[in-house]
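A short worksheet on the structure shown next.
Chain lettering (A, B, C and D) follows the sequence in which the chains are written, and residue indices restart at 1 in each chain.
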Amino acid sequence: MEKETVRIENFSDAVFAIAITLLVLDLHAPDITAVKNGAELLAFLKGEWTTYLAFTLSFFSIFIMWVNHHKIFKQIYSRNTAIMFANGLILFLVTTVSYPTALLARFFNGEAASIAVALYTGIFVLINISYNLLWYIASRNKKLLRPGITDSAIRKIRNNYLYGLPTYVIAFGISFRFPVIALAISMLLLVFWAISSGKIKLAQE
Amino acid sequence: MEKETVRIENFSDAVFAIAITLLVLDLHAPDITAVKNGAELLAFLKGEWTTYLAFTLSFFSIFIMWVNHHKIFKQIYSRNTAIMFANGLILFLVTTVSYPTALLARFFNGEAASIAVALYTGIFVLINISYNLLWYIASRNKKLLRPGITDSAIRKIRNNYLYGLPTYVIAFGISFRFPVIALAISMLLLVFWAISSGKIKLAQE
Amino acid sequence: MEKETVRIENFSDAVFAIAITLLVLDLHAPDITAVKNGAELLAFLKGEWTTYLAFTLSFFSIFIMWVNHHKIFKQIYSRNTAIMFANGLILFLVTTVSYPTALLARFFNGEAASIAVALYTGIFVLINISYNLLWYIASRNKKLLRPGITDSAIRKIRNNYLYGLPTYVIAFGISFRFPVIALAISMLLLVFWAISSGKIKLAQE
Amino acid sequence: MEKETVRIENFSDAVFAIAITLLVLDLHAPDITAVKNGAELLAFLKGEWTTYLAFTLSFFSIFIMWVNHHKIFKQIYSRNTAIMFANGLILFLVTTVSYPTALLARFFNGEAASIAVALYTGIFVLINISYNLLWYIASRNKKLLRPGITDSAIRKIRNNYLYGLPTYVIAFGISFRFPVIALAISMLLLVFWAISSGKIKLAQE
């Protein structure tokens, strides 16, 4: 049985690659007139630390989403309209990540921090849901999956994404009161996904 | 017989992927000085609803155009100069979608709404015509098509795009008087294409 | 003998696709405050005609450059450092096209028109030279080319690019006095390449 | 044994292609009102020489990084989590190159030159380290490499990147006192890599 999803994967890879690279457009150089010497340039760059933080966090978040996207599609062999549009929803959300990233960069260090962090953690709640949706649609019908995939492998993948959901929701929920802690949780989740993505690989392939 | 159109498809896929991802560049974060706290940030974001509407509509429009582009090229096996340039016209129009999107985002909620919506629905009239042109050029000469394609399949594809044309023209026509209704029709057309793209798949492949 | 140049071609295709799509970023929507109603929006858009002209011209120029790039690489089977960097030079120049395009868009309709057109036609002189350079390097050593390519085919390709050079130089030369005519020549050259690219195809493949 | 790294390479290629093409976004056309005639346009463009210098240097730097990325991945056949993230680090740094490029373009010709050049040469120190890290991780475990690769080939590649490190560190170190010389060294390194990348090819493949 041939894999039918190659074109979806290639298109998705391109969108991930563009979305991850466009993040850099929010690193702004200062106006020439605003900076007179090296010390002022360094002072300006130090003041931009929230931008670097948001950029780095979003870059590796999208990178790990891409790794996970591939892991899921490695198990999907056929496509239907529902899979096409669940994937379209993922790409839509991945594309928009740069927007809450820009908001986080500008407002993390100020009074609007809680709303900025809530929007930022909120997009990851939605992305987690869209990944769960994709796997739910794909695994509902075993004919769409890689021939020979075991029920235990299907469950493992499901649990991997499903167990992430409450953590994202918690990070979102506490953003309103403790934005710094919520962002720290997001970073820990990133490390968790980086490690867990390695583990699933060993188990499935 | 080998498929000669792989390189056109890959290049087109890349252009679709970039065009769809660049749309996000029109989601603007507010200036730091314009927003003092979380409530003001939320108020700013609420005021941006036309931007989100235009962004979402254009994202899924380009996504469905990409799905349809692939469906057509799945049936095209050889290329000639006319096909190259009909496809170039499609890519040109798809690339420009972000421009009427930006106009819609800025002017949908105001006195210039009718012109903004007319330009937005107008680009989809042109894109529909360019898809019809591509299929007309390709299907005029059966040697360019997938070996074994039936006349009824050729007609089905033709009708699928041809029947869309009057609907787009109607949406364009009423934009000048009823921009909200015209935009609602555009959204319904999006849903129609999403469903019909699934149906053609089942019938042809 | 296997083709070694696949990765160069894929990378080049991606750069062409991005460069052609980024052109749209120079279509600027007016500020919300600058336009009060539909008539003012239309008036603004009419005033932007030089932007649309430059955008359209550059889009199809890059599109035809991409077609020609593929035609040349279809005949190149091996690579060496010189080919890598001749190709790098082409990509460098193709990437920069958006810059003279932006200058043309802003200054074609004014006193700086002659310089703007000269810069615009000048970049195409350089691009033509870089294509000639690539083919010169590749065809100097027949071991780099497609096995079985005839000397007459090599000459045909060479002449196709070499004969373009004086025309581009003439367009560049008269830009300083007659910018409108120089731009018209550039458009005619575009049509010539579109047709000739079709012809070479029939002759070589 | 099949190569498992194709998808990493394709994704990386896309990021390299986008990063190299986005550099052009920092070539800014002057405002229409700032330039009245051709002489003023030329004067403006002459004043932009630092922008062109930074753009050209960064374009060919990323181009050579891409060539080297491919050379390394030609020898890597399997992947593990460590390789995935060492590669992610490379892509992260390559993506950010446009930021110090913009700083160099704006501040090379002024009092902040030493800091701008130090940041610019500094990013290349980090990129060199990330390439060394990737090869260290990959070559530590010969099962990840191309079957049949010799120890001497492994060492040659290692030395090629390791010997670059002190030179980048020196360029970085003297940036603070002699920014012009540091930038000149960066350019010489570029030429060195262009030539050495050709040499490795001959030796390994």
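As a working rule, a residue touches a chain if its C-beta (ideal position, glycine included) is under 8 Å from a C-beta of that chain, and two chains touch if they have at least 3 such contacts.
It should be emphasised that the depicted structure is a prediction, and the values quoted were computed from it without experimental measurement.
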| item | value |
| --- | --- |
| Given chain C and chain D, the chains that contact each of them | none |
| Classification of the chain A:chain B interface as same or different, half of numbers criterion | different |
| Interchain centroid distance [CA atoms averaged], chain A/chain C, Å | 37 |
| Intercentroid distance (Cα basis), chain C paired with chain B, Å | 26 |
| Residues of chain B touching at least two other chains | 10, 14, 18, 22, 25 |
| Of all residues in chain C, those that touch chain B in their complex | 10, 13-14, 16-18, 20-25, 27, 29-30, 32, 35-38, 40-42, 45, 55-56, 59-60, 63, 66-67, 70, 194-195, 197-198, 201 |
| Residue numbers on chain C that touch chain D, as the complex places them | 7, 10-11, 14-15, 18-19, 22, 25, 80-81, 84-85, 88, 91-92, 95-96, 98-99, 102-103, 105-107, 110-116, 119 |
